[in-house]
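Structure incoming, see below.
Letters A, B, C, D, E and F name the chains as they come in the text, with residue numbers starting at 1 for each one.
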Amino acid sequence: MAKRSSKATRPAQKPRASAAAGDDITITALNLPPAPLSPDMAAYFAKCEEKLGFVPNVLEAYAFDGAKLSAFVAMYNDLMLAPSGLSKLEREMIAVAVSAQNRCYYCLVAHGAAVRQLSGDPPLGELMAMNYRAARLSRRERAMLDFAVKLTAEPWLVEEPDREGLRRAGFSDRDIWDIATVAGFFNMSNRVASATDMRPNSVYHRQGR
Amino acid sequence: MAKRSSKATRPAQKPRASAAAGDDITITALNLPPAPLSPDMAAYFAKCEEKLGFVPNVLEAYAFDGAKLSAFVAMYNDLMLAPSGLSKLEREMIAVAVSAQNRCYYCLVAHGAAVRQLSGDPPLGELMAMNYRAARLSRRERAMLDFAVKLTAEPWLVEEPDREGLRRAGFSDRDIWDIATVAGFFNMSNRVASATDMRPNSVYHRQGR
Amino acid sequence: MAKRSSKATRPAQKPRASAAAGDDITITALNLPPAPLSPDMAAYFAKCEEKLGFVPNVLEAYAFDGAKLSAFVAMYNDLMLAPSGLSKLEREMIAVAVSAQNRCYYCLVAHGAAVRQLSGDPPLGELMAMNYRAARLSRRERAMLDFAVKLTAEPWLVEEPDREGLRRAGFSDRDIWDIATVAGFFNMSNRVASATDMRPNSVYHRQGR
Amino acid sequence: MAKRSSKATRPAQKPRASAAAGDDITITALNLPPAPLSPDMAAYFAKCEEKLGFVPNVLEAYAFDGAKLSAFVAMYNDLMLAPSGLSKLEREMIAVAVSAQNRCYYCLVAHGAAVRQLSGDPPLGELMAMNYRAARLSRRERAMLDFAVKLTAEPWLVEEPDREGLRRAGFSDRDIWDIATVAGFFNMSNRVASATDMRPNSVYHRQGR
Amino acid sequence: MAKRSSKATRPAQKPRASAAAGDDITITALNLPPAPLSPDMAAYFAKCEEKLGFVPNVLEAYAFDGAKLSAFVAMYNDLMLAPSGLSKLEREMIAVAVSAQNRCYYCLVAHGAAVRQLSGDPPLGELMAMNYRAARLSRRERAMLDFAVKLTAEPWLVEEPDREGLRRAGFSDRDIWDIATVAGFFNMSNRVASATDMRPNSVYHRQGR
Amino acid sequence: MAKRSSKATRPAQKPRASAAAGDDITITALNLPPAPLSPDMAAYFAKCEEKLGFVPNVLEAYAFDGAKLSAFVAMYNDLMLAPSGLSKLEREMIAVAVSAQNRCYYCLVAHGAAVRQLSGDPPLGELMAMNYRAARLSRRERAMLDFAVKLTAEPWLVEEPDREGLRRAGFSDRDIWDIATVAGFFNMSNRVASATDMRPNSVYHRQGR
């Protein structure tokens, strides 16, 4: 068998500190040199290092431009971490099921790890990434993911009966907004990651196994 | 022929002031009462009224929650209005071609109007909404839209040759980022609009004809 | 932004009189010189000029061959104008919803204008062209368009329950024939237009706004 | 195995004379009583009986309305029988390859028989109905069918390079028109047949074997 | 029309005895010389000659390797001929409906002949190959084919309600296994045939007409 | 969040010894009691226990019928373990890439583990399961997987140029046969697993991380 090489042949985005031993140091296929971080963003990156042990590569990718980085962080944190009728695990399950529909390597690796960690159920992370329909889900979870994946695959077919299905499964109109915007956000991120060949931090592979 | 009715039968989002005569006053199918605007956002809405003559319904839809509204506005304005190697018209052309792939009524109406106005070429707005391949485009425009629409329809197939195609058409790596993020953003917005049955301000229909 | 040009570079079909100021004078990408019109067809073209103010480009495209032109006109007029249980507006709504599925620029422009004019409801024309599911339709209209669009996208899946759905919505068997043949006709015309790069008369863009 | 029944349970179109022994006497699922034939059409039906030994069911299906029958016959005969740069066999090959894409039982049976008879090559009829790509075709035939099938499956993707491919394979612009209109016509007929559950005359099954 | 040639231009699999007059002697596009048959397989080939009058080309194709040939024959004979709650005709109907979804020329010809012969109903073979939904089927047959074709086209969507549908139509869990494995087997064989351009024995075309 | 339950509510296939602590003891959704193993198969199961530490659930699933089990084992072992121009890792890479296209949970888990173990490269297993196009592959590997996945998704489009592509990447005709049959085999197994809701042994999740 011929040799596989993880070396990209052209200049490309790299993390500002290539510290993580054994990590693939290419972040995206685009040559976008990092800009100095604003104090806010420097503090945020430091907090990531402290809490996660690393800065997620998607942040390094956006770090070539302060305004774009700030806007991305603000929207991400509001959607995934702010109070919501959806638990953090539920939001991560949506992230992975949507990313599976779009076959996005970066998001499946990063958010698959989150599902494994938040649920304490490693196979659940695999199920979300492989085929959420094969998982043993509550009616609420299934309705939520069916909506998110239909919205991903065929958004033009989503209509009032789909919203009614969510309401019957116990979701409020505010919850429906949150399902829609989390699913929408990963439809954006999946495409940014695929368009730029974004590579996940290798540490994700070992998390929550 | 039976009668069509624009009246929705359940409580739903409405603009804070239903001023625009003749306008359909439902904004989305979700019942999310508007929250008081922050001073920043109140100033931004006032600026919309002054410059456009109205507040786009997407902003009214997000206005039930200040943090979500701010994050959306920050990202939108950075992507569509900040300096970029892409002209504003080019960014709007991406918006419409992506929205056509996703058959999103709200975004096709709102951004189709923008293409007509920015280009001074009304049929160009129709072409973006109907089939961009039928338009007489420059090589640069065609490469840009082919990339954005492939990224929309089959993001998992986007690879280095697609990026090379953009570089050969004259785009820098920074431009490629902008094409990817604008296309990504409308993949998000199309889904939020479809999930909530968002309705465009009726004034768009008459703009730039 | 590079310059767009509406000039085609090879000989192509042009109208016999390039009268309409500002109009793109290319009709199709094929080089098929117009034949002399038969007295019947000459009278029909004159009637178009008188009633519409122009000859639709699809007729100019067929005019290279008298027998083909006559056969097309006879079938078109029977389907779209002869007495039927379907109103003329309903038939035009089918035309546009089918053409949207097939993303046919010519037919969306020409028949979108007809929907706007016959309904007096400009947004209805946009809705048919963008996503008919987002329109506020009567049950009858929705059943009719669901049938026509399914027949367009996946004709092999149409079965007795689909016909029963039309009957329950109040359509007779004769009406079902008319829905099927109007939908069928635009599946033909969409393909002739796409295969030949047929361009609509520019006057359509301004009609019924 | 449970019993299959060829008896439809509701009134449906039947031929005016149910003469052909052993034939399924239902023509379509619609209840549309035949109208008296005009002298022209009566002569045409008589000619069918004389030359083919039967009246094709599609004609019986249209015979509930004289104007529709005449328009269909005029267009069909011009496309399939009038002088053209395409041989009659080539036009029938297009008919079958298009009908295979649309999985139309009526047209596959009726025109598959025509390919077998005109070519004297029974497997060729099967190949057109099953997968034309598996047939040993001339470059000309392959280009013609690739164009017709792309136009059937994804008409919005047909562009100048597709037409250029036909020209390189030796087709004139007039030939391109004929390929497009024959393919378009069967996209219409396939849908009328599927919408109405049209059944082919059983005699076709034995022809040209 | 240019000439079609059935002559392949490169070395390819041929039957060990090119006896059948008029037959296309190429079996696949791969150059895999036949190996000597084991006594078991020699006896099996002799039995085919005796009972069918020929050795099916799929067996000749596998005959370059004794272990592969034996494994294929063992699985095929168990699935298609061993005792089962499914009749042999039902198993052949699944074979053809699956092969139609995959547009596999080899399997449609070989197993279409089997359906015609086992049912004594030639049009039934055509219906399975063209569009099984157009056939007049028992509820049991329809449920069986709907399951097999969904499993073929979108296996990831098959879930408990699909199995329940089979049970309601009278199938046991053992029958469900048999439907699944017959459908699965032809999903394998269709791909081996398409990957290698396998050609059916010409005698199939005339069987059961 | 509502509670997920791994308990199936109806009788279903279970392993003959539910020894593995913490394992989900349901194997498929079908109620097919295990049959006594033949001496050969009993020895094979013992060898699995000895070498792998467990009997793969797919074998338990087939164990209700001795002939079916033997045929499956013979074909599987020939394809995946017998001498071939393809390495065992290459065959497992095909297994996973095909199973990803079909979104088969059982095969992705079981064969993803094999890719991780045989390659010593855990992310490679994830890449095969998520999007093989994102992996850094040799030209040979990429050609092999492109062929296998095209053959899976659209087998009717595979033609001589696809085989030529494999030959140019260094594969012999015998190798092409092996690629085709391994890809074909997993198209079968994926469907049997999906049709029966087959569940992988939980031990796979931890292998090769």
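Operating definition for what follows: contacts are C-beta pairs under 8 Å (C-beta built on N, C-alpha and C of every residue); 3 or more make two chains touch, one makes a residue touch a chain.
Just so it is clear, the model here is predicted, and its values are computed rather than measured.
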| query | What is the touch distance from chain B to chain D, in steps? | reply | 1
| task | Please determine the option from B-C, B-D or B-F whose contacts repeat those of D-E, over half of the contact pairs being identical by residue number. | result | B-C
| task | Could you grab the centroid distance between chain D and chain F? Build each centroid from C-alpha atoms only and quote it in angstrom. | result | 44
| In angstrom, rounded to a whole number, how far apart do the mean CA points of chain E and chain F lie? | 23
| What whole-Å value do you get for the distance between chain B and chain E if each is reduced to the mean of its CA atoms? | 51
| said: Quick check on chain A: which residues sit in contact with 2+ other chains? | reply: 103-104, 131, 156, 159, 197
| task | Could you list each pair of chains that touch one another? | result | A-B, A-C, A-E, A-F, B-C, B-D, B-F, C-D, C-E, D-E, D-F, E-F
| message | If we count contacts the way the header does, which residues on chain D are in touch with chain B in the complex? | response | 156-157, 159
| For the complex, which residues does chain A have touching chain F? | 1-7, 87, 89-90, 100, 103-105, 108-109, 121-124, 126-127, 129-131, 134-141, 197, 202, 205-206, 209
| query | Which bits of chain F are touching chain E when the two form their complex? | reply | 29-32, 64, 67-68, 70-72, 74-75, 78, 82, 102-104, 147, 151-152, 155-156, 158-160, 162-163, 173-174, 176-177, 179-181, 183-185, 187-192, 194-197
| query | Where on chain A does chain E make contact in their complex? | reply | 131, 133
